[in-house]
Structure formats: structure tokens, C-alpha cells
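Order of writing sets the chain letters: A, B, C and D. Residues in each chain are counted from 1.
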């Protein structure tokens, strides 16, 4: 095994670790944030950042061209559909009269 | 080994999203949790393909990546038609009714 | 090591099912059933059932949620009555006793993954050995589905067809129902971002559906999965542009034709083999050699399955969407 | 770990009974249908679990060198049953929609009450 493939291997492991970290942080954010819109913010941002790192890490790990293309397609579709779904969800919530509550809560607490 | 770590992080995050889905409090938190679970499942399927050494499993991840968002659009359409029906039947406090609906969802 | 993930997912599955049954709000139940379907698909993949996981993915993510929401739009979303106390208590007792009995019975089951369990000893090794010999295709599941178990699949296709007819006869012709509506539904036409992105993805979903249909002999896939995927693409179009435009793209007449012609194509292949000197659905007579005849037969009946499933699922969606509670 | 061998069957039993509870104890007709579909998924899970072979892989030739395959027959049965399941669920939902239009409610109690009055 030459040095170059070792370097690629290490880069792919680092990328996947960063991606796993982002995903986990997104999960914690969606659990701990105070109201719906902030929870959606945490979840949707990390749902874009995590897949970028994890899937690029997987692509670097593979030898097969077909698998790399398929994973890249998955990444492109996630990056297109994820934010769109978040947008549609926020539209639905606003439509039904769900207001961001954080500012209101702060003023009442003081 | 790194695949197992990533898969484990994904499964743990799915547990967190499930807690959000079960506890609520509103209706939209459930939809958000479904959406999160969808993305995590796509990644989990891709990682399983590597763990098991089966490249054809990535087709499944592709299928989920393509059609997972249809459910959220259906939710938007559901609330849109409901809103317009409420506007037709009673032109008074439509958002108030929706808010009552939302609160009842939170209690259960 | 992999079993640990499976145990996690199964525990989550049980929690989801409990929340689904105990929730008082039907919208929440439907959303949780989406999560249930995702978890079931992942578990199927861990249990080596790639074709089944693809079917669950296509049906659960694309069709099931939309159908339930379409039905919920016609009724109240809250559960008002809880039922009498004695009903709940007695059914809880019945359920608890039956659970204990079932768990006790599992100790007589073969161990998980035992290669010598009775289920793995009888016909399965013969199938695994003979699919490459008789049909020359790598995907054993498609081979069994199309050829060895062709009668089963024929029956299932006719059940799906009958269910489509049943929904139509209960809910009425979508075109007539639509004309009686006071307000026409324009879908998400005014929501720019969902509309642009959704329209951009529809060709890719249909392309992927066709890939699943025609590559089903070599990788996970087949007519059932492809039908669900293509139906999901058309349902997405109907959500984005309103059902009227979707009915302009594929009119109801074409959908009825698809439903019937798929089932007829399947049955017709069987009758054709009868006339060519074989038994019903004996594909060998269709080609010069056994392998080519079997491959032609599987290709044709998978096309029939795909047509019927696509037609029925889109028809069911239109039947629900055309109904109005105003 | 002995209990792992039976864990899948236990999950099947519990899911089956959760679905059954939904069918017999809930008064809402849509809830009954959801209970039925949980019941259905439990049966699917049992079939697929029983077909799993230790050290096996998905029954498709030529992708890996592994020639131990899980049992393909339950997968064939369940694959078709999933699509049939969604069609029959749609049929049930359309019956519920007609009941709602005829009685104005999908709660069993209200429907029985209206039947008694007439």
C-alpha cells in the first residue's frame, strides 16, 4: 500500500467522523432547542452538513466508479430535497398560525 | 471500524429524533422528526452497504433520497386545503381553530 | 456486531408502534407511521431482504403517508371517544395473556439465523441452486417471483386490481366528483420553491423507477417497486400542480387502461404459453432455449405487474383527492 | 447471548399484540386500520426474520463472493404482500370515508347510537 492511498484513507475517516459529529449535534439540537423554528433550524442545517461529509468520506473510501457515482447522486438529491422539505414544512407551520415563540418567551421571563 | 462508529451515531440520532416525534409538543415537530429520520435512514442505508460489502444496497438509499420529501409536501397540501375549507365554512377565526387543533395535538 | 443496530432499531419500532396506538390525534398517528415504515425498511435490510426493503421504501415513503392524509382531509383528525373503561381493561388483559402465550411459544422456534431451520431446508436450496440454471438471472427473488411462484404473483396482481376497482366503486369516478366540487384545487402552484424543485425531480424519479423495473433481474427491484415509484412521481405532480393538471397528463381513461392491461398482459402470457404447447405460465415455450424463454416470460409479466400497480395506486390517489367534504 | 436469538420473535409478538390492541380497544375507525397495518408489519417481520441465515447475504448472485444466501422464498411472499397491503388499506380507508359521509362520524359509539335511533 503506497503513501497516497494511506492519505486518502485517513482523509476519508476524518470526513466521516466530522459528518457523524454534525449529525449527532443536529439530533441534540432538535431535542434541546426551545421552539419549533429553532429546532427546525438545527435539524435542517446539520441534515445538509452531515451528509456532505459522510458521503464524501464514503466516496473517498471506494474503488468502484459506479458506486462513487451513485453515492454522489444520493448526495446531490439530499442537498436538493432536504432544504426544500424544510421550506415546505416552515410554510405549513406558518400557514397554520404557528408563530416563532422565542422572542415572546424572553420578554415574559424578564 | 469507522463505519460502525458512523452507523452508531446515526442510530443514536434516530433515537433522539424519535424522542422528539413521540413527545411533540406540536404537530409540526412530528413532521420535522419524520424528515430528520428520513435523512438519517438514507445515510444509514449507505453505511450498511459498506459494512455488509453490498454496493447494490445504495440503490435503496437513492430511492429514499428521491421520494422522502413527498410526505412533507403532502403535509403542506393537507394544511393548505384544510385552511381554505375553514375559510369557506367560517370566515371568522380560522387561525384560532387551527391553534386549538395544534394544542390538542400537543396534549396527547 | 450488526445485531446490535438491529436490536436498537427494533426497540425504536416498538416505541413507535406504542405511540401510534396511544396518540389521540390522527395526524400524529399518520406521521409516526411514516417513521414506522422507515424503521421497518432499515430492519429488512439488516435481515438481508433488499428487495423487500426497496418495496417498503417506495410504498411507505411515497404512497402510504399521502393516502392517509388524503383520507384524513375528509374527516375529523381528533379522536373524541375513548370507549368504556371495561372494554379497555378487558382488551388489555386479553392482549397481555396472548403476548405471554406467544412469547412462551417462541422458545420452540428455531434459533435466529439457524441454517438448519425447517424453513431453510425444503424448497429454498432448490430455488437458490436452480434459478441461474433455468433462468440465467442473478436475482433469485425476481426469478422465484416471476417464474416458480408465478401463480402467486398472478393472484396478487389481481388482488391489487380488485382493490383498485373496489376503491373506485366506493368513492365514485374521480372526474365526475371533481366536476361537482364548489372549489377547484390548485395544489401548491403558488409555493415557488417546492414547485420548482419538485418538478425538477419528477423526471429523475420516473427514470429511477424505469431502472428498477428493467434492472430488476440484476439488482433489487421489479415491477412492484417500480410501479410504486412511478406512482409516487405522478402523485407528487398532482400535489404540486393540482389534480386537474395531473388528470390532463394521464387521464382517467388511460389509468383504467393501465390497470386492466397490466393484469391482462400477465394473464395473456399464461394463455399464450397454453397455445404454444406448454402449461399455464410455463415460459420455456416462449423462446428457443429454456433460458431465453424464461427471461422473455419474466420480462413480460414484470411489465404487466408494473403497469397494474402504477395504474391502481394513481387511481386510488385520484379517487381520494376528488372527494370533497364541503 | 441466548436472548438475542429470541429477541426478534419477541418484538414480533409485542408488535402483533400492539396492533391487535389497536383493533379491539380503539373506537376510532382510522385507528383500527392503523392497528391492522401494525399487525400486518409484525407478520412481515416474522417471515423475514425466519428466512435470515447466519452469515448469509441478500439472495442476488454475482455481487459478492459469498454464496450463502438468506432464504429468498419469504422475501418473495412479503414483497407482494406489502403492495397488496397498501391497496387493501386504501380500500378500508375508502369504506371509512363513506361511513363518515353517511353517519357524520368515524367514532364507533356515535355510529351505533345513530343506528339505534333509526
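Methods note: contacts are C-beta pairs under 8 Å (C-beta built on N, C-alpha and C of every residue); 3 or more make two chains touch, one makes a residue touch a chain.
The structure displayed is predicted, hence computed values, not measured ones.
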* Chains contacting each of chain A and chain D, listed by label -> B, C
* Structure fact -> Most contacts overall join chains C-D
* To do: Indicate the whole-number Å distance between the mean C-alpha point of chain A and the mean C-alpha point of chain B.
  => 14
* Intercentroid distance (Cα basis), chain C paired with chain A, Å -> 29
* To do: Calculate how many whole Å lie between the centre of chain B and the centre of chain C, each centre taken as the average of the chain's C-alpha atoms.
  => 20
* **Multi-chain contact residues (two or more partners), chain A** => 77, 81, 84, 88, 91
* Asked: If you look at chain D, which of its residues touch at least two other chains?
  -> 57-58, 60, 63
* Taking each residue of chain B in turn, which ones touch at least two of the other chains? -> 14, 27, 31, 33, 52, 54-57, 59, 62, 66, 68, 73, 75-76, 78, 80, 101
* Asked: For chain B, which residues are in contact with chain C within the complex?
  -> 4, 7-8, 11, 14-15, 18, 21-22, 24, 27, 30-31, 33-34, 37-38, 41, 44-45, 48, 51-52, 54, 56-57, 59-60, 62-64, 66-68, 70-71, 73-78, 80-82, 84-85, 88-89, 101, 104-105, 107-108
* **Residues of chain B defined as touching chain D within the complex** => 52-57
* Asked: Which residues of chain D touch chain B in the complex?
  -> 57-58, 60, 63-64
* Flag every residue of chain C that touches chain A in the complex, lowest number first. => 188, 191, 193-194, 197-198, 200-201, 204
* **Residues of chain C that touch chain D when the two form their complex** => 3, 6-7, 10-11, 13-14, 17-18, 20-21, 26, 29-30, 33, 36, 40, 43-44, 47-52, 55-56, 59, 63-64, 67-68, 71-72, 74-76, 79-83, 87-88, 91-92, 94-96, 98-99, 102-103, 106-107, 109-115, 117, 119-120, 123-124, 127-128, 132, 138-141, 144-145, 149, 152-153, 156, 159-160, 163-164, 166-167, 170-171, 218-220, 222, 224, 227-228, 309, 312-313, 316, 319-320, 323, 325
